[in-house]
Amino acid sequence: ACGSDDNESSDGSSGGGDDAASNDFTVSMVTDTGGVDDKSFNQSAWEGLQAFGEEYDLEEGTNGYNYFQSNNDADYVTNFNTAARSEFDLVFGIGFLLTEAIGQVAAQQTDTNFAIVDDVAEGDNVASITFKEHEGSFLVGVVAGLTTESNKIGFIGGVESDLINKFAAGFQAGVEAVNPDAQIDIQFSGDFNNASRGQQMAAAMYGSGTDVIYHAAGGTGNGVFTEAKNLKQQDPDRQVWVIGVDRDQAEEGALTANGEEYNVTLTSMVKRVDIAVQDISKRAMDGDFPGGEVIEYGIEEGGISIAETQDNLTQEILDEVENYKQQILDGEIEVPSTR
Amino acid sequence: MDYVIEMLNIRKEFPGIVANDNITLQLKKGEIHALLGENGAGKSTLMNVLFGLYQPEKGEIRVKGEKVNITSPNIANDLGIGMVHQHFMLVDTFTVTENIVLGMEPKKGFTIDMKKAERDVKEISDRYGLRVDPKAKIADISVGMQQRAEILKTLYRGAEILIFDEPTAVLTPQEIKELIQIFRTLIAEGKSIILITHKLKEIIEVCDRVTVIRKGVGIDTLDVEGATPNQLASLMVGREVLFRTEKTEAEPKDVVLQISKLNVNDARGVRAVRDLDLTIRAGEILGIAGVDGNGQTELIEAITGLTKISSGSIKLSGKELSSYKTRKITEAGVGHIPQDRHKHGLVLDFPIGDNMVLQTYYQRPYSKLSMLNNKEINKQAKKLINEFDVRTPSEYTQARALSGGNQQKAIIGREIDRDPDLLIAAQPTRGLDVGAIEFIHQRLIDQRDKGKAVLLLSFELDEILNVSDRIAVIYEGNIIAVVNPKETTEQELGLLMAGSKKKEEGDIKHV
Amino acid sequence: MFSRTQTILIPVISVVLGLLIGAVVMLVSGYNPIEGYSALLRGSLGDSFYIGETIRQITPYIFAGLAVAFAFRTGLFNIGVEGQLLVGWIASVWVGLAFDLPKIIHLPMAVLAGAIAGALWAFIPGLLKAKLRVHEVIVTIMMNYIALHLVNYLVRYVISDQQNTTSRVPESASLKSPFFEALTEFSTMHYGIFLALAGAIIYYVILEKTSTGFELRSVGFNQNASQYAGMNVNRNIILSMVISGAFAGLGGAMEGLGTFGYAFIHGAFSGVGFDGIAVALLGGNVAIGVVLAAALFGILKQGALIMPLQSGVPTELVEIVIAIIIFFVASSYIIAYLLQRFKKGAQ
Amino acid sequence: MDILTAIEILVKSMLFASAPLIFTALGGVISERSGVVNIGLEGLMVIGAFSAVVFNITFASAFGAATPWVALLIAMGIGGLFSLIHAVASITFRADHVVSGVAINFLALGLGVYLVKAWYGAGQTAKIPEPLYYQRIPLLYDIPVIGPILFNNYVTSYLAIFVAVLVWFLLFKTPFGLRLRSVGEHPLAADTMGINVYKMRYIAVVLSGVMGGLGGGVYAQTITQDFSASTITGQGFIALAAVIFGKWHPLGAMGAALFFGLAQSLAIIGSSFPFLADVPNWILLSAPYILTILALAGFIGRADAPKAVGTPYIKGKR
């Protein structure tokens, strides 16, 4: 119905790829309810779009790149539609919660290209971007397995889902690869923004001897950092670690005790949504949009890694991580993605 | 003249109504001054002006000759004016002492010095003979004791002038006697009293002078000595008032209500009605006399299905009622004018029209197939409003906006119109003026004359003696005597109610 | 009490004042209010697509508002609409998926399942209130959280095979409307709006026109007098919660069978139930008021989505505006008073 | 895990999770005891969390280690100011208390997030530089067995209990408390005793704002350590439930909040016991809420609200 007479813009017509043509290219994203500054993948995706816009000299706004914030699950469809109707050439949906909505809108707005992050959606004009979180989780599992002294390791997930289970599965495999004696306690908070419960869960784990906790629980994970920092602050010699998720969460773990600076963030499993977003945007701009395809970003593609901040990791551990990374790249290790 | 209080030409308006119009009231030191008027005449309003709750539009107030401006109860307190309100101003969940010292608490550091407060209360209560338990919660004590607590509140604040707004409406005869004794003590202490009451006998018994107001206008102030009830009543109403209710001899027929061996527990699980037997016949009014708290409430609640009985039987025209729910009992032919009209009688937020069908809304013609028929409801309401002279702007007016007397007329209309075989009337005239009382008594008698049974519960011996055909005296949950009103006196009834004659069965005339 | 003109005038004045103060907030924080509001209007009523989306948004608001309002009118405070809505949602989807029936049976059955589930969820606080005098506010708050966790579990382990979302309900149980979608350029507007409007009418009829409603209102105002008049107070408390919960459950069914067409794992509450409290109160707890308040809410919330894109104003401005409107409606006494002064002054 | 450790963990997480609820619920008790319903507690917590976090971030360098405490004072002040809106609406403008409280909730969240976006250009603040940390209470901590169990927590957790006792003292032992309660039970009676009903209610509502702000400030500075739209998500409603659960009594509300914190940590510890392994996760997650309902239904029974709660007082009207 709408916009039927200007279907020139998409459909690979901007395929030229020289700078003049690329300035016409427009791209936007729809966040999930976490919002564009969730310090997690929405934020990362937006950083990717911003970097992309800067690189190709696009302006923020309707004629360049932009984001649509969803306040509610019911807003996804509206936002996708608005984006398509605002004639963005490519629209990203960030998070598996948007899968259904993107599929539905893509079927109607066939002139627009869509890309879903973290899940697979149907449609010729939809690219699916997934990450091999299990691979990165495997690596931080290696770190955890080598770091633990008590041989008790914890995992705190938010609401149980396929995605979160991928984290747990990879993590478990990583720990087991280097430290078969270690026990892993896998728990779910049932909620992504209950910091209080996160802190209570962490208190229970640390209190019973766990010394490393990997969280994949969004705002609930705030409480995990809080508990770890408290324990460290009180007893700087104590071994308490948190492994961050999605971004480098070193900032979250910083504290001072007795005038000295410490950081309880051991490392983080970094998911480079920004890289994937830039990558797909570039391909779309170049007329090479991978519609209908599933593109997996793993270690190999540079979409998954451990955090750059490595102050708390010994060279030995870094070497081991490098070693396993190589084995994964070589296909010697197949990291499980389900529990 | 040494007046302690002079209210001169007071005018007080409310939206759409002049409650007090140019009223003058002068109180001499050491006198008991009655303020008399129909319901809604403006008595409470005038006193609230004196107490600082309302600000008058015109007029002036002098205390001991000096012009004052009473803008809040605080100032009234400071001037030595205390008021015992028509509706008690007590906090239910507080103790007697807490209520009395509220706002003027003795302190010890940051805290209330409760010991001293209790001592003070005890001391004043001893001095004036106002028996109270300083530590008791208001919710747990009798109305009489609540009123004594109210009086103590004013005395604690050193009041010299005491206003009593209808203090006797809620008291039992015994309590009224005590209150009158208290008045005398207060006067002997040099205090002065303004008394509002609808009971003319009381005025004649205790008051020195009386000011009569009618529809917001001051009519006259006269010495009580030499005045008669009739004279006062006609001054108040503005026409001649007959006192005796017109009543022919009763012609009792079949038994309507037959209660035997009834036992009922009260809300706390204590036995309140014990092995009670009672019979009421068609065509008679049975009055129940008794001191408050002797099982009257539980008896009525048992008959109407509001409380489960422990044992015994209640039969209405031979049909056992005791296992029925309230609705079935109502449908079986029992009507109930509850004691507390605001709490139990009306849904104050409903229009008066809906209140008129509170038990029958689901029946034809008010409902058909579960759908309300508002036309029929309002037709019925209009009919009752006319028949029972309920003064209301319309049937759509919220029940809350009606005066107490008119609310009561509405309830009575509703109950009588259903023409129940048994009509239970609990304190139907409490707080009403003589005109309204007369009207209601007449209605009860009409009902009897139509061959229905009426059960009348009242703490007013006058009412019991005037209206009933037989009087049953209840004491500690049991009917200890049934007497003929023509052959008994207030004194004898009083003694019976106190339980004194219980043992001497022989003296009691059974009817 | 207020006159008829005041009853209409006060909400209008409140909305105007709310928007005015919202404009001041925008000005003070460096945004252009005209741009902000025109974006808001475009994003809610600007063209047929947005109108469709706005109507879709209004649909559950009407039900949530009716649910809260119904309880309120009968003397109860149902903060549990959020939870009742969630269970209604899952139940309707479940029935939608579990059967293979002709639409004429299947759809009503699925909708009804939502109502029943919501009613059952509200029955618990009703029963506890009636039998044990447990305060419904606490129980309904707690039941919200229980619903959230239960529903997430059902989605993952019972209705789907460890998925994040259930399958889509088949056509035969769907409220989706190709007709409206075509009419509104692919908005998600569905047939639910008719059910919501019908719900408002049913609300009005039950409460104002039936003997049951008479009883419910009576018990809501004065339990003692109602008991004296022979009404069964406990039964009415439970009935009131159950009907309120059924409205909430229907709101959930609108989401399950209409807006989404499936159920999914919730990381947090949808917020519709809590907004329902405001909708009910803003609408004065009467049917027509609730519909209008839901419309206002839908317009503001829908318009808010596009506001940051087109004018840079954060979406939260809308919450501020809503709050201020509620304040003025709540403080209608002072508005009425000022109106009267104004009138007198004019004479 | 051995039993002592289990108890230590239980008590510890009960204390820190309950503290913000206790403060806020106490605010609710004060307000409702004066006759003003306050379902705006959630919003007051939001505004408290917002103010404390913004202050902490902005002034950490100026105040150093004292920052979180000053931030709490600020949160209390701003909470108090914010609740003035509720006071004006519900006391002076005779607004329906529930409606006005709902507006408070909308306004607080809207304004908090709006300002964060306007000031920081993001929907979420950074981590606060000076959070509160657990502290071993000198001397008490050294008591064998119970010392480590009871006396290693945020100072604010003890403060919460202390303030609960203080509020109890204030409400039930002082003239101020007697007057405040009288205004909530029978305002007209209080008026005839020369008590200024409006003034008392204003004070109570502002105090509830102060306490709600404190609760939010404590929550943000002890648990989340930043502020966003998802910092306060229902805690105010749980606190409201605690007010009623605790029968409008300060110590009761404290007990209810502690009970809730305990139930939550019990459910967490419980999940590590083998015999509970087969219990579906959702039941454990819901355990705190289910336990609360059971406790209410089982032993607590009914409680009566202050009689005049929710009714505006209109002078000169009966």
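Should a chain be cited, it is by its letter among A, B, C and D, assigned in written order, with residues numbered from 1 in that chain.
We take it that a contact is a pair of C-beta atoms (placed from the backbone, for glycine too) under 8 Å apart; a residue touches a chain by one contact, two chains touch by 3 or more.
Quick caveat, the model's predicted, so the values are computed rather than measured.
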item: A-C or B-C - the one linked by more C-beta pairs in contact; value: A-C
item: Between chain B and chain A, distance of the C-alpha-averaged centres to the nearest whole Å; value: 76
item: Approximate Å spacing (C-alpha centroids) for the pair chain B, chain C; value: 47
item: Centroid distance [mean C-alpha coordinates] between chain C and chain A, Å; value: 34
item: Distance between the centres, which are taken as Cα means, of chain D and chain B, whole angstrom; value: 45
item: Shared interface positions of chain B, touching two or more other chains; value: none
item: Sites on chain A at which at least two other chains make contact; value: 160, 190-193
item: Touching two or more other chains - residues of chain C; value: 149, 152, 268
item: Chain pairs that touch, as defined at the top of this document; value: A-C, A-D, B-C, B-D, C-D
item: Complex interface listing, chain A residues touching chain C; value: 1-2, 33, 61-62, 66, 68-75, 77-79, 81-82, 85-86, 96-97, 99-100, 105, 108-109, 158-163, 190-193, 218
item: Residues on chain C engaged by chain D in the complex (per definition of touch); value: 25, 29-30, 77, 79, 128, 132-135, 137-139, 141-146, 149-150, 152-153, 157, 268-269, 277-278, 281-282, 314, 316-320, 322-324, 326-327, 329-334
item: Contacting residues of chain C [partner chain B, same complex]; value: 208-215, 217-218, 221-222, 224-232
item: Contacting residues of chain C [partner chain A, same complex]; value: 43, 49, 53, 56-57, 60, 148-149, 152, 156, 162-165, 168, 181-182, 185-188, 255, 259-262, 264-268, 270-272, 301-302, 304-306, 308-310, 315
item: Chain C-facing residues of chain B, complex; value: 304, 306, 325-330, 336, 338, 343-350, 354, 358-359, 361-362, 366-367, 370-372
